[in-house]
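What follows is a set of structures for review.
Common to both upcoming complexes is subunit A, partnered first by subunit B, then by subunit C.
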Partner chain A sequence: MKSKALSLLSDYGLFIILIALIALSSLLSPLFFTAANLKNFISQASYNGILAVGMTFVILIGGIDLSVGSIVGFASILYGTLMHGNFFTFMPNEIFIYKGAPVLTPVLPLPLDIIFVLLVGALLGFITGSISRRFRIHSFIVSLCMMIFIRGLAVSYTNGQPLFGVPDPVSYLAYGELFGIPMPALIWLSICIAAILLLKYTRFGRRIYAVGGDEVAARLSGIQPSLYQVFPLIVSGVLAAVVGVIMSGRMGCGDPKIGEGWQTDAIAAVVIGGASLSGGRGGIGGTVIGVLIMGLINNVMNLLEIDAYPQQMAKGIIILAALAIQGIFASRNSND
Partner chain B sequence: MNRLVKYITRDGGLSAILRYVVLLILIIIASIMAPGFLSMQNILNLLRSFSFLGFISLGMTFVILSGGIDLSVAAIFAFSGVLLGLFQHWGIYLGHVDKLSLLAPTPILFLIVLAVGSALGLINGLLITKLRITDFAATLGSMIFIRGFAFAISGGRTIFNLDEIALFMGRGMIGPVPFVAILFLVSVIVCAIVLRYTVFGKRLYAAGENPVVAKLSGINPQKYKIIVYTISGFFAALAGICMAGRLNVGEPRVAEGWELDAIAAVVIGGTSFAGGRGGVIKTVLGVIIIGLIRNLLSLMGILPDPQEMIMGLVLLFAVVFGSLGTRKGSLAHT
Partner chain C sequence: MIENKIILEARGISKSFPGVKALDNVDLLIRAGEVHCLAGENGAGKSTLIEILGGTHQMDSGELLLNNRKINLQNPKNAQELGIAVLHQELPMLRDLTVAENLFLGRQPRSRLGLVDYRKMYKDAKKWLDIINADIDPRTILGRLSVSKQQLVSIAKAISLQAQIMILDEPSAVLTAAELTRLFEIIASFKTDGRGIVYISHRLEEIFEIGDRVTVLRNGKLVGSEPIKNLNRDMLVQMLVGHEVSESYIENKSVDLTRKPVIEIYGLNQGHLVRNVNFMVSAGEIFGIYGLVGSGRTELARAIMGADKIDSGHIILDEKKVRIKSPAEAIRNGICLVPEDRKSQGVLLEKSISENISLPSLKSLRGKVLVNYRKILKYSNEYMNKLKIAAPDSGQTVKFLSGGNQQKVVLAKWIGMNLKVFIFDEPTRGIDVGAKEEIRNLIRGLASEKKAIILISSEIPEILSIADRVGVMHEGRMVAILTRSEATKEKLVAYSMGSITV
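Now for the complex of A and B:
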């Protein structure tokens, strides 16, 4: 009886926590259940949500991608430079002096600019993944190096200056609404659906789980692991670039400094969502709930006007608590 | 070609020869670029500036030897400095900000700060062993928490002016030699002896190399995990105290990203991520190489941001080279 209650708690525990948090939030702040706040909450959560989808893929194979925050910044500034008619040239100084709305001279026709940025994101993910795979170094270490490298590249690219001016369609990605739902949330939703379809209903997706769960067993049953170990990092890189582009739209500029530390929020969301850091266990559904829980906690702390520093402490404790609960459950299961 | 790679990387990391060649090249470039580079005065100065990174790299060596990783060291570093500052300005809570008001005699404050740093390391160790959180995830969480804590207790402010004894830790000289460098060298010698000639050291290597076998031969790997994280916390706190003395401030923003430099120093030195192979003398070499690279980049007038980019590449190369020659690398989970 007791164990039944426990397993019920571990199956639906996240859901219960989410609902309890929503109830608590509406009690703590009368502002919570206003349309403006809910829209704000969901569009802020979407950015972390998109990153967390990519991170779920990576964590499923037992890896970790610390470079996503840097890729967000790099994608944003790369997009900015493309809009100002440059590919990879370092900018002359005059361009940073703000003289009203700038005239945009995109290098490529509009959707192609975005696709180019996404491809660069994919390339960065591919580099991390293939170094990790080829030299058998845990992706956490490789992506740590890439994190420093990409951030340095992004910031030195324009001397740390933001580049103002994004075209309307991109601002629409950040600020637009469809049926009253903010665009970022819709993008997040469609990415989630695509990811769920891929992971649950294709052979490719099931093989990612298989390789993540036990690489040796997977190889013995005829799966070539390299593809499945590099692909998740590519997904993660592309999705980070997506966030970078939408973020440029949100801020009206390409900014190399955004996204710092966002990787930890994404990791936290995935882990709260029940994915195991040793791979093979977890899913997009859990991650979405994890993102919502993280977002709720942020939102409520902001509504209650708690300072940034205690907020940071709280975030650290939440991450550790989620990991600890997971560790305790895992050890209980293994003792049975 | 394969044989060459095997030769260069035969001890599982960068071989000693390659590391000394890199060091020599760096020294030659530096002395060409800055004529006074090889003067006694400059060498002593460099010794001092390397010591701060050196302390946390020492602690990191223990952790990496055990097969773990500690991302929280820089946060503990900053936290310790802030704590020392607050202890010496206890009156901050009574309204007088600038005056020194010691909570206790300074040496006792040092002991308290060191104890707090060690306790934070101990907590890391307990999180990892008792709650079964992966090393890097646990220390990532505690890094965020401790840095936030350092900002919270100081209100994000810099605490200026420490007392004479604290300043001596960072700026003091014994004869021509900086005190902090002596402290660092003594720490290195103690650590090297502990690792090489004590039962503790030998068991630590065994537990890091293969926890399962160690456990079967009666060594409790978890106990060693807890101890190494405590050591790492201790050295981070020591570095924090010395840096506070050097800068004459308690500053919550100090040492951001230093955990990566420490990891790089340890790996470049030749300690393997897989655990159980390496040592502190190697790490000292790694610290000197990292310090020289940074020094050279500054000498060349390269701005901080491109410097970070280059350091990222250096770290990546070090990690890749370090993994050549080890069969399982560090893809294995700890």
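Now for the complex of A and C:
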């Protein structure tokens, strides 16, 4: 009986932490349970949420993708240049001087330029994944190099300047609502549903778990690992590009400097969500809760008007505490 | 009796690994409706052969014919598609996934929409588990099951592949008698279906019980392939052991058995691989332990060292009862282990010789507070010379030494510490012949300095040439303790396969 209660606690421990944090938040701030705040909370969490879905794929195969923050910035500025009638060309300096409302001269018709940016995101992920696989370098290292390289590329692309002006449909992606739910949250939700379908209900997805859990066991079961080791990084790259486009809409500009350090929040959310860094264990459900916990911490501290740097200190401690509580449940459970 | 149809024919298979010829021109014929047993001592090449048939390794030369058509196996996937299923001995399974998922890894049943049909998957998994009478919930996470239940899952998996050829690598090692009976029934039903079965076992009774034909390998070479009905137990043991004269017996040192024992082990139990083990070793004696892989030799050593918690029994050291709860305590009590896996457990490969040698003795090698590097250098040079470690200087990284020299580094670590009991687990495995003899001489040297030596080895000539007495292990029990004059190759093999009981 006792072990049953414990295993229940370990299976739902994460959920209990989330509920406890929500209860605590509403106690700490009367503003928490207002429609405006909840909308704000969920749409802010969505950006990390989308990145964390990609990160879940990568962590499932025992990898890490540090390049997502840089891809967000690169996707944002690439989208900006596409809007200003340029395609892979470095811009002359004078264009950056803000002269009232910009005139947009998109290179491609509207949906196509977004798709182009997403394809570039996929390509960057593919490069990371195949280098890691081909030369047997852990994706932590490859994506670290990619992170530095892509950020440098993004910033030199426009000499570090943002490019103002995005078309209305893209602003809508960031600010629009459907049935009272903010668009970023809806995009996050639909990505989650697609990811769950893929990971849980297709053979392809189950093979990702198998290869991540034990490459030898997977091979002996007739699975060829390469594809499943590269694909997760492509997903992660595409989703980072998605975030880059929505962020452009949110800020009304393409900005090569956004997304700096965002990979750490995504990794933290996935790990809080119960994924194992050695691969094979984890899932979208846990990641979503991890993202909500991370978002909640930010939101409440903003409501309490805590300064940014003490916020960081508190965040570090809270993430560690959440992981420690999980670690205790996990080790109890394996001792049964 | 009409000979059955040949399903798979392996011709002239050879395979080398760096430094070893694992298979040398071996043939194998697998017929429909026949249980073909594969036998041989440890390292005879059985595992390599089935790894080639399963597509895990590629052969250097030779050919494979499936139903008279030449096939080329590049990876395990090819083999599975051609209907060859292998039940591996070391359970490569995914501990974080459910039992059902492990059964259907990479081939989960799908609904019409192409999505994984979990309900059908659990139902099918239950069906296969029921066939082998395994009471396991297919929804359980595999890692939460015991080892023997995990083994049942892997058997269910092999069966569920419904392959034309099934290769079972020692499936019986962790099964209970009832589970084994059921497995034999299933194998019998496969025979009537006309499938080909390759069965590998270290137990002679099993070979006689279910085998139709046995192929014996020795040192990577084919010894022979005979119908079981033409053989008896002695003939099979003869085939396994061979007639070649073993290495010359060296100096018949007489050991005074009335001498006081240094270490005594009474009623030691640990897990299912160390069961009620009793023995003692006196000063200057080399006590050999022989047994097949999985007979519990390594587990016994680990239990003595306190690396695994013992269930019951006690250890007496110099007439005092000791409780050893960790390897650190064992070393403090004067017992050390030179482990089987030298590279991962014996030395720090990336570090220098002197760092390795001085590691356990750092306490005595420091100055008042800090480590004294001059002392360390002197100390490690002394032992480097004493053991004749071949390297330019003691700063050499251990990774670049030969196997024999790496083993000497492990020895040097302990010799300098004035210990009483040395346990060697396969000290000469994977090192060349000349170095082997040097290591054996070092062990003899330790014995002449009145140390008590426990030597675990699967090389019979090695045991016979240096051990004063030999304990033989079979399924966790020490089934016999023989003196040097009693021990023969045939007896060791027979005891280790459980064919003689005491």
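As a convention for this text, the second predicted complex is superposed on the first by the 315 of 336 C-alpha atoms of A that agree within 3 Å, B and C clash if a C-alpha of one lies under 4 Å from a C-alpha of the other, contacts with A are read in each partner's own complex, and residues count from 1 in each chain.
Assume contacts are C-beta pairs under 8 Å (C-beta built on N, C-alpha and C of every residue); 3 or more make two chains touch, one makes a residue touch a chain.
It should be emphasised that the depicted structure is a prediction, and the values quoted were computed from it without experimental measurement.
With both complexes brought onto subunit A, simultaneous placement of subunit B and subunit C is prevented by a clash. Contacts of A:202 after superposition: subunit C is touched, whereas subunit B is not reached. When the two structures are aligned on the shared chain, A:312 is found in touch with subunit B, with no touch to subunit C. By the touch criterion defined above, A:250 lies against neither subunit B nor subunit C after alignment on the C-alpha atoms of chain A. When the two complexes are superposed, the chain touching more residues of subunit A, out of subunit B and subunit C, is B. By the touch criterion defined above, A:224 reaches subunit C but does not reach subunit B. Legend: residue contacts after superposition of the two complexes on their common chain; A:84 is shown touching neither subunit B nor subunit C. In the overlay built on the shared chain, the residue A:280 is in contact with subunit C alone; subunit B does not reach it. Of the two partner chains, subunit C is the only one that A:214 touches; subunit B does not reach it. Put simply, subunit A uses no single residue to touch subunit B in one complex and subunit C in the other. Those residues of subunit C whose C-beta lies close enough to touch subunit A in the complex are 54, 56, 75-77, 80-81, 86, 88, 92-97, 101, 105-108, 110, 114-116, 143-144.
The touching residues of subunit A, when paired with subunit C in their complex, are 197, 200-203, 205-207, 209-210, 213-214, 216-224, 276, 280-281, 334, 336.
Contact residues of subunit A toward subunit B in the complex are 62, 64, 131-132, 135-138, 140-142, 144-153, 155-156, 159-160, 264, 267, 271, 277-278, 307-317, 319-320, 323-324, 327-328, 330-331.
Against subunit A, the residues of subunit B that register as touching in their complex are 127, 131-134, 136-138, 140-149, 151-152, 155-156, 257, 260, 263, 273, 303, 305-313, 315-316, 319-320, 323-324, 328-331, 333.
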